[in-house]
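The following pair of complexes shares a single chain, subunit A, combined with subunit B in the former and subunit C in the latter.
Let's turn to the complex of A and B:
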């Protein structure tokens, strides 16, 4: 077994420590910066009772207790699944986060569905044609892609799609269409939900609106994967065992498939995992600012603006956990497919 | 390999072509099932709650369509008009008010509207404020007792005289909800905290023209036409929307894109520079003069803004017309004092003439040595305050005053600004803040922003007993002698003006841009009920 129980145990302990660290650090940062959540919880109170309202709110939120007690309370509430109500919207924190999380994750998964294979393919193709014009072209393109500012590109795509098709891929789904066709979100993944409900009109609508933001976010992983894969393949092609295989007269295709690609799979998976998490930040910006989609981006920005520390902290914890899970999965997959790696 | 590349290229071209055709076909085909009149209204903030007694922020945009108040404030004439109350009378020098209620009105769940509903709605708002300080229930502070005379007559006995007809038209804390909520929410009393959770989890039972059908405060709120609304026969608008979607679109650019795509029918926050472009494309707009104004507060407890002459120097070096032209692109009106134009108690002439020579004279008289550095705290959420800050900085530079900019979001700005009371030396010299009212009374602005007891909102740290007494007396006098009360409010404003404690900057003019398939009369908007659209007056073409 490539993954030992010891590794899993260590990883869990480390993850818990990281999450605890994130909670403590974020909590301190939020509480020490200006912006009083009690004011928001009390509803920006006015009139002669304003001070009293804020004091009561502070008490209710436990903000009158010492900082370490507040942190302990938060951790306890978090572990018992009681995140409370959002300071800004007075609805359960989990409800605020879940809908945004599904929206962002749908966008991310859709993006990676095509960007990972495309990036890898470009890298391989470039490496096996290294030194050629096409190689230079792919290399140049991948540098440009990896360094393109996403919200400039997003705005450009938005304008382009409008001038080409007269359609603005704005939001996640047309509210009017959703209403008139009786579309109801179930899982929060609209592509899946529309398929479950057999609502093809909404499915196409959601798909069409996903493409521009997905293309925008995809430039980074495509660029990075193409560059990394090219380097890995080029290095592998110079390895002795590859040269020996060539000398043995083994077919080029077989060499690439059997020897070269196999050796690059673990690092490519690692890079894909890392860029996935990195792209999450990109997605959070692009979806909100450029494409007017709801998602984690708008929730995070809003929670910071409105001193909604419960939502901010919950998001920080979930995003950290997400990061850890993705990285752990990447390590496990690597160990499973590469017998040299032992975890 | 070349063949493969070629095939791949062909495949890619075909795929792009197919998707473009798909998009074209899809976007051009009429949606056959759209038989209902649907209106999508883009609102620029998420909803902070919909408890009719407690909500005091963005929830107004929803509450205003679902619930009704006893009276309605007509901003064009300043008159109070009947709504759920059809007439009213006042006695005992403004301390006893009798309201006759409209008959035949039903709440959205079928419960009949009557005096009990009025009593519990107003008592709940008042008592929650008394107990916790939450909400805007302070507007009912004077109400000592509410007596039900009969099913459709209700009497208010006040502790001190008040214009109850005006207060009853308030944009917050004046909504009447159904007594059946207690049963529906499974609570024991109207003061039960669980009732607030019940409302905020998406429940509402009002008498308004629209009823709530779905509520997601971070995404969208759906309202449905309430066919049994009493007002339909008076309005006679068969083309009113059947469904209203209040869509949360926080980015102005996204609202603009939404209008162009046809996703949005009415937008409340379009980038000012794009309005003309939209009008040229056939969209229509109502430029609403609002009661939403912007004010510059001086920290009166810190050097050098504690010196009156220094404040006057700044006031005379500030060219508001340039600010309105460059920062607001004309969508604003120069303020006169801190009470907006057309609002009760507004006084003309409370401005400072732009005059650099005069500004220099005041600066010399202040004894402040140049160069001097002051800092300006302003809200980063508004594009106009961001632009104002830059312009202000350059204007003050002409006078030799260096301005350091401190942009913050609202939550942080408020927290920092109120520090003027506890740590004035660490609090910025200048703060730009904004306000819109709850009730049509000057007291709303003057108490909140300048009374020495209002330590949460008086960002100037202004303490003046004469001012406090003037406005407190005027507030009580409103119920007895309204004209005299207005005189006192004017005196109070002149006092502040002479002292240059605050500078009224501009009253916002907000463009509501809407699609040509909509007909929206001007009366559909009212600055007292900011962002509320009276959809019952809106006509939609199918």
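Let's turn to the complex of A and C:
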């Protein structure tokens, strides 16, 4: 066993506590923010059914019970996924989040699939050629990439693709094509779904529509990873074992692959994990407003327009849980690879 | 802590680097623009969001000599809006970073100084708030409190303080083990004196550099929140809001007909963020001895 169970256990306990804390925090937000919590929970209803809806919400939240009982009740409902119907969509809240999550996650995974290797490669290349013109070029590019507003870049990409190719990559899949070929979503990951159904036409369409948003989101991970990797590689090159390897006359390529790459893997994994979550917010901003895709972004917009507090709180809790889970996994992986971290 | 000669020496030393020079240049221009914005803007009223009387005739005019950046869908001069938006951008970025830095530093230092249950509790809260995405907090505040500058700032501060608390905790953790801090503690000096005198003074420099480099990210996130329509009301002079009006409200197809509405505010966001990170980068290299080392060695 390379990593102690004790460490994993501790990390998992802490993450569970944090997730419970977020649920409590979101409930307190609902209670303590201005306005009647029952009205908020019912989605600021108007018209004839309003009183009934508010009474129902009051019952659901258990507002006549003491606060700690309400919180316990709320946590219970969250963990069993029983948050009632969404105001905006009229289907269970957890179902709303899951369906949006699949769409956004598909985009994110696709983005990271090419941006992480590219960022690492740029960083290594610029560290090996440090001080040269290509190094300062890569450095400048990566600073600019990391400070580009993604929603702006996305619109420009859309404009460019429209004027260059006449193709307007709006939405996740062309509905006409999906209808004519009988494409039906199964898992919510359209790339996977179209492959399962052997529907190559839809697969290509989905892929082409995935590229512009993926390029947009990729600027942040590429920029950050290029800079971090450069520093890490440059530091690793200063180590005595690299010096010894050079003295032994080992090939440069072998040194990079055997010694340098291996030592930078743990911190790079950590940075990728952190930026993955940052990019998730980026994806939420870009995907719906700019590229017209469904996903967490469209859920955010819809719950804004319908004053859907249930979905808002669920988003807060699920996104936080996602962040915690990703980071716990990253920590465990890191501890498995790097024995220095197991504290 | 705030020795002017010391800081001017750092700035002077870094001024030899091209990147730092460019960064300082951009940041200075942005800050000066923010201060004198109403003097520069050709139509300051429209910059603040007033719709001109002859709006119907000058809707969506492409860039020309009269309107350098063109006009928006309500006939307002885009150049004035963008210039006055500089002010909002600086206010947003600086106040978010400043407030989070103060809160985070105090909590982080306390967590490092007082051991035991306080450390565990504070660290738990740091972990908790670092994990909550600010955009969802912004949505919640938008639904309960409404729109406004304070909503944007609050939703960012709620999540950002934890980041500074984490950093100050890590730095302060090693500082409180230093011998003179331990000695001060043993000789009975109160925590109220030790913390500002010894602990904060030691970590302040590193935190300041981190804060400067985060100004850009704060601006990016604030404008993303405004772009989604979660923060400032439309008509407010802010770059994210201008983009919101151009894209979110009118739909992306409308942008294809009037690209100048999107291009100019976006460039301003990019340049400002870039300026802040170009200032912070060399400073960080200066501070971190590992980064300062010469790399021309064996390889």
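Here, the second predicted complex is superposed on the first by the 294 of 343 C-alpha atoms of A that agree within 3 Å, B and C clash if a C-alpha of one lies under 4 Å from a C-alpha of the other, contacts with A are read in each partner's own complex, and residues count from 1 in each chain.
In this section, contacts are C-beta pairs under 8 Å (C-beta built on N, C-alpha and C of every residue); 3 or more make two chains touch, one makes a residue touch a chain.
Small disclaimer: the values here were computed from a predicted structure and weren't measured.
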item	value
Touched partner set for A:158, first subunit B, second subunit C, both or neither	both
First, second, both or neither for A:235, with subunit B first and subunit C second	second
First, second, both or neither for A:29, with subunit B first and subunit C second	second
Touching partner for A:48 - first (subunit B), second (subunit C), both, neither	first
Touched partner set for A:40, first subunit B, second subunit C, both or neither	both
Which superposed partner A:90 touches (first subunit B, second subunit C, both, neither)	first
Subunit B versus subunit C as contact partner of A:304, first or second or both or neither	both
Partner chain(s) touched by A:188 [first = subunit B, second = subunit C, both, neither]	neither
First, second, both or neither for A:179, with subunit B first and subunit C second	first
Doubly contacted subunit A residues - partners subunit C and subunit B	33-35, 40, 158, 162, 170, 289-292, 304, 307
Contact footprint of subunit A on subunit C as seen in their complex	19, 124-125, 127-128, 131-137, 139-145, 216, 220-221, 223-224, 227-230, 243, 247-248, 252, 255-256, 259, 262-263, 265-266, 269-270, 273-274, 276-278, 281, 290-291, 293, 295-299
Residues of subunit A that touch subunit B when the two form their complex	33-36, 39-40, 42-54, 56-57, 85, 88-91, 96, 99-100, 158, 161-162, 164-168, 170-171, 174-177, 179-181, 201, 204-205, 208, 211, 288-292, 294, 298-299, 302, 304-307
Footprint of subunit A on subunit B - complex, ascending	19-20, 22-24, 26-28, 31, 33-34, 36, 38, 40, 46-49, 51, 54-57, 129-130, 132-136, 138, 141, 196-197, 200-201, 216-220, 222, 243, 245, 247-251, 253-255, 257-258, 260-261, 263, 381, 408-412, 414-416, 438, 447-448, 453-457
Residues of subunit A that touch subunit C when the two form their complex	14, 17-18, 21-22, 25, 29, 33-35, 40, 128, 130-131, 140, 143-144, 146-153, 155-156, 158-159, 162, 170, 231, 234-235, 237-238, 242-243, 246, 252, 255, 277, 280-282, 284-285, 289-292, 300-301, 303-304, 307, 309, 312-313, 315-316, 319-320, 323-324, 327
